[in-house]
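Labels run A, B, C and D following the written order; every chain starts at residue 1.
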Amino acid sequence: MANRCAVIGIGQTKYTDKRKDVNHVGLVREACKRALEDARLSWKDIDALVIGKAPDTIEGVICPELYMAEGLGMVGKPLFRVHTAGSVGGATAIVGTELIRAGLHDKVLVLGWQKQSDSDITWALSPNLPFNPPLMAGAGGFFAPHFREYIRRSGAPDHVGIKVVVKDRRHALKNPYAHLHQPTVCFEEIRDTMMLWDPLRFGETCPSSDGACAMVLTSEKFADHGSARPAWVHATEMRSEPTFMPGRDEVNPRAGRDCAAALYKRAGITNPRKDFDCAEIYVAFSWFEPMLAETLGFAEPGEGWKLSDSGATSLDEGGDIPWNCSGGVLSSNPIGASGTVRFAEAAIQVRGQGGERQVDGAQLALAHALGGASQFFAMWIVGSEKP
Amino acid sequence: MELNDQAEALRGEHILQYPYRRATGPILGRFFTEIRDNGRLFGVKTAAGEVLCPPVDADPDSLEDLTVDDLVEVGPAGSVTSWTWLNEPRPGNPLQRPFAWALIKLDGADSSLLHAVDAGSESAMRTGMRVVPQFADERTGGIRDIACFVPEV
Amino acid sequence: MREVAVIAFGQTPNRRRELALNEAEMLAPVVAEMLKGVGLSRTDVDFTCSGSSDWIAGYSFSWVTAMDALGAWPPIIESHVEGEAAWALYEAWVKMLVHEELEVALVYGFGRQSMSSPREVMAMMNDPYLETPLWPDTISQAALQARALLDAELCTERDFAEIAARNLRHAESNPLAQLSGQPDPAELLEEPTIASPLRKHDCPPITDGACAILLAAGDRARALCKRPAWIRGLAHRIDVQALGRRDLTRSQSARLAAEAAGAIGGKVDIAELHAPFTPQDWILQRELEIPESTVINPSGGIHQGNPMMGTGLVRFGEVAVRIINGEADRGVAHGTQGPCLQQNIVGVLEGE
Amino acid sequence: MSESQKPVTNISTPVAMHYNYSIGAGMSTFMRAIKEGKLLGVRCPDTGKVYVPPRLTSVETASPMSELVELSDKGVVYTYCIVNIRFYDQVLEIPYAYAYIVLDGADSAIMHLVQECPIEEMRPGMRVQAVWKDSSEWTESMENIQYFKPTGEPDMPIETIMDEIRRKSHA
């Protein structure tokens, strides 16, 4: 039986489009210091750091964590870099968890970050390689055909995507760290934004953010050290599937279904909608919410849009299974950190630290990160009780 | 028809380029500003009393944040602590004629800075030699505002 | 602690330029052959982890292409490190320590350095504010370290040439080696310097290649392999990066990693050191306290080939195969990344 | 130097890395054929699925694939997107449609532009055909096909087609 692992400290930066006042080291230290303070630990107490970030083309530095090692307090210690595309923030937390569970370390800092403002994300993600010029315009263009296929298959009405965005952006108003704070956000405002990648409007896409999110993970011995009760890691799971598989179901990827099934089995979850108090799911574009609701077992195939449409995932509407109380990726997207933020926000809920975005009495929460062409999945379940 | 895995593959020129622009944070910002505007070099003084040039954002011992108030002037002259002679400069190097890369400990500093030394020939280079910075004619903010170092006369 | 072993290793021939195949196409037959060698199929692999660099490949998410070539269906449990694949081995090892149900793990690394100029590409691994804008190349940086050793009178250029000659000599018995030979160190010293005091023989070759390792746990390892190379210790540490902040004659992080892995003391039959430059080989021998009797780099070391980001993983593979085939009982494998041995990983492998 | 300049808060650090990029065996086979006006796929020995462009190994089973298949330049639209935004380096007139197109005889979809079709008439299941550049301009590039256009043939049941492809998968 592997050791237990707890989240005892969480730190985030305020997500924003350009952090003009800090360099890479300054940005990540801000999140780490807040996590350490929350954990009531110092830099020197940390045994190891696991750091995640999406492609090194974004900052134009190969393995920037190497030059940042000293500023991260890791000289003479183990520093480990993960990169699994958009799911990396989650994969990073999973590696950190396993260092604890394997008994190799007692106190591990996990950190996801991205400084998108160093370059341009559309540039960084467009391969533009010889012989095969790209046709789609950015990530939204890549996923839009999948959303169209979902809509065709499920018969979902157009307003559901808009409703998801309004819900998440309203949640964001309760989260001081969220990038987009749009006090007037409403259905009409999103509906009237430009249809960039039909069926996806500008308003239904995530922002491009600078930011970092850190968590202090510890073994059971130090679980009560933090300033709030620990979030216990009940289970973690990852799955990947190929990009260019003929007939791959981009709408409801098998990797996601398998990942959720294995995760739920580990934690004894039989009915995710009922068993979880809330969930932080990687919804970078509006239509991912209903699609992922099906993939992750919150709704039957074809019925995910009804879950979103019913208000079940809304904190404001008193939904029974609030999704993305933090505002989600639709409100903040520091790519390499976005998965870590999901994992951290789930922990915030079960630690009761959510402030205005807190789900009353949350005891068990699901977090999910998604990468590549909806093909990389990283998930964890955290709870207020020991597993 | 069979797929051939022996034939020479097609090749094409591909350039991965972007004009990255990055925030410096306060300490490096002041460091570059002083070079650009005043031709002065600064290091940062740590709690242990060490002066690090180039400066860093966090104290290496305590890991506390350092601030612009911890900056102290160093140099501009310094000594070479290690060097190598490059007969064929590489694209983007500060000098496009044979030159030395050197680690340079500026007077008053306890650590060394990496830069180029325009010494004319390898025989002019030795560890411990004294060098002074030569600033770029047009300074825009950044480490290249130091064009190179040259032997102190 | 759960017992985990290397049970198989495979690599492509190390080539200056692979003309026909891309990374994924190079890797796939290596993995297929390795699995076949131990009688496993793709679906027997419980965890997959890789190491690579997008800036070497020339585009973002380059490792995904490799994963596609290996048949990731039904969906697999998979992860990736940006950087040297020896750290992917570390992730796989940790994963197997935790999860009893994971019995077999596949680890691989690859790179096609020939497509670009590695001396410039790797300059992007430095401080992007203070160093990369000057584009210091990897050879010049290593030369600053070499000079520090000479200035401290710890060793001589002759020592560097001897290390190169030793590697090249060992590579003669390695059919996959890129470089090999029986050079006279004195003659090597007559060559011109590239970045003084380093000469061509002191530097790594530019290589296109791929490599893969198979890990297995406990009795599964014993069932699949007559003599598994058990991982008795595995640890990694990092130093401050700036060369002007380090004692370049040392690699503190290599020593700390070796101590944590239990590599210091005890019998070491063979050691494979990931020293891209010959002076670093000398430093590593000292930091890892490699005994006189140890055969260092029986594969040919860096002269055998440098398929970045797999070169460090190859070191683990080359130690493991010599344990598996009975040539050695206990060996030390080392991987590195970052300028001048900034970050180091050390493993101790042993046969039963 | 001017004293009135603003303090430095950010620096410019341009990067331009040059690659002599090699596309590998599978893609080279495809591009060499397209230079002759042919579209090639490769058949997976385990699932029978035809991949376009050809690859050396199956993404599902990792088995080597070597049996090349010449494909029609006609196909059916699986799904698509209408793009109303110009992005980095993009030269296409907006709005434009690009679609996942399953060529006759293939199981994997290729992505390409669909034109000569009013945006509102785009639909899954629509039959389309490649519009080639003049053969004198053919090179080793996907751009030999300017775009796809509707053939006017009756639509195909895309759901059934995709289900059939999925049924070929192992496990």
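We adopt the following convention: a contact is a pair of C-beta atoms (placed from the backbone, for glycine too) under 8 Å apart; a residue touches a chain by one contact, two chains touch by 3 or more.
Because the structure is a prediction, the values reported are computed rather than measured.
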Reference subunit A; chain at largest CA-centroid distance: B
Leader among chain pairs (count of C-beta contacts): A-C
Between subunit A and subunit B, centroid-to-centroid distance (C-alpha), Å: 37
Geometric centre distance via CA averages, subunit C-subunit B, whole Å: 29
Between subunit B and subunit D, centroid-to-centroid distance (C-alpha), Å: 45
Contacts with 2+ other chains: residues of subunit B: 5-7, 9-14, 16, 18, 20-24, 28, 60, 142
Residue list for subunit C, restricted to those that touch at least two other chains: 19-22, 25, 55, 58-59, 68, 71-74, 117, 120-121, 124, 128-129, 132-133, 240, 242, 245
Subunit A, residues touching no fewer than two other chains: 20-21, 23-24, 57, 59-60, 70, 75, 120, 123-124, 128-131, 242-245
Pairwise touch network: line, ring, star, complete, or other: complete
Partner subunit B, residues of subunit A touching it in the complex: 18-26, 29, 42-44, 57, 59-60, 70-71, 73, 75, 115, 117-120, 123-124, 129-131
Subunit C partner contacts - residues on subunit A that touch it in the complex: 2, 23-24, 53, 55-57, 59-64, 66-67, 69-70, 74-85, 91, 95, 98-99, 101-104, 124-125, 127-129, 237-245, 253-255, 258-259, 372, 375-376
Sites on subunit A touched by subunit D in the complex: 20-21, 60, 120, 122-123, 126, 128-133, 135-138, 141, 144-146, 148-149, 152-153, 194-200, 242-247, 249
Residues of subunit C that touch subunit D when the two form their complex: 18-25, 28-29, 31-32, 42-43, 55, 58, 68-74, 112, 114-117, 120-121, 124, 128-129, 132-133
Of all residues in subunit B, those that touch subunit D in their complex: 1-7, 9-24, 29-30, 32-33, 36-39, 139-142
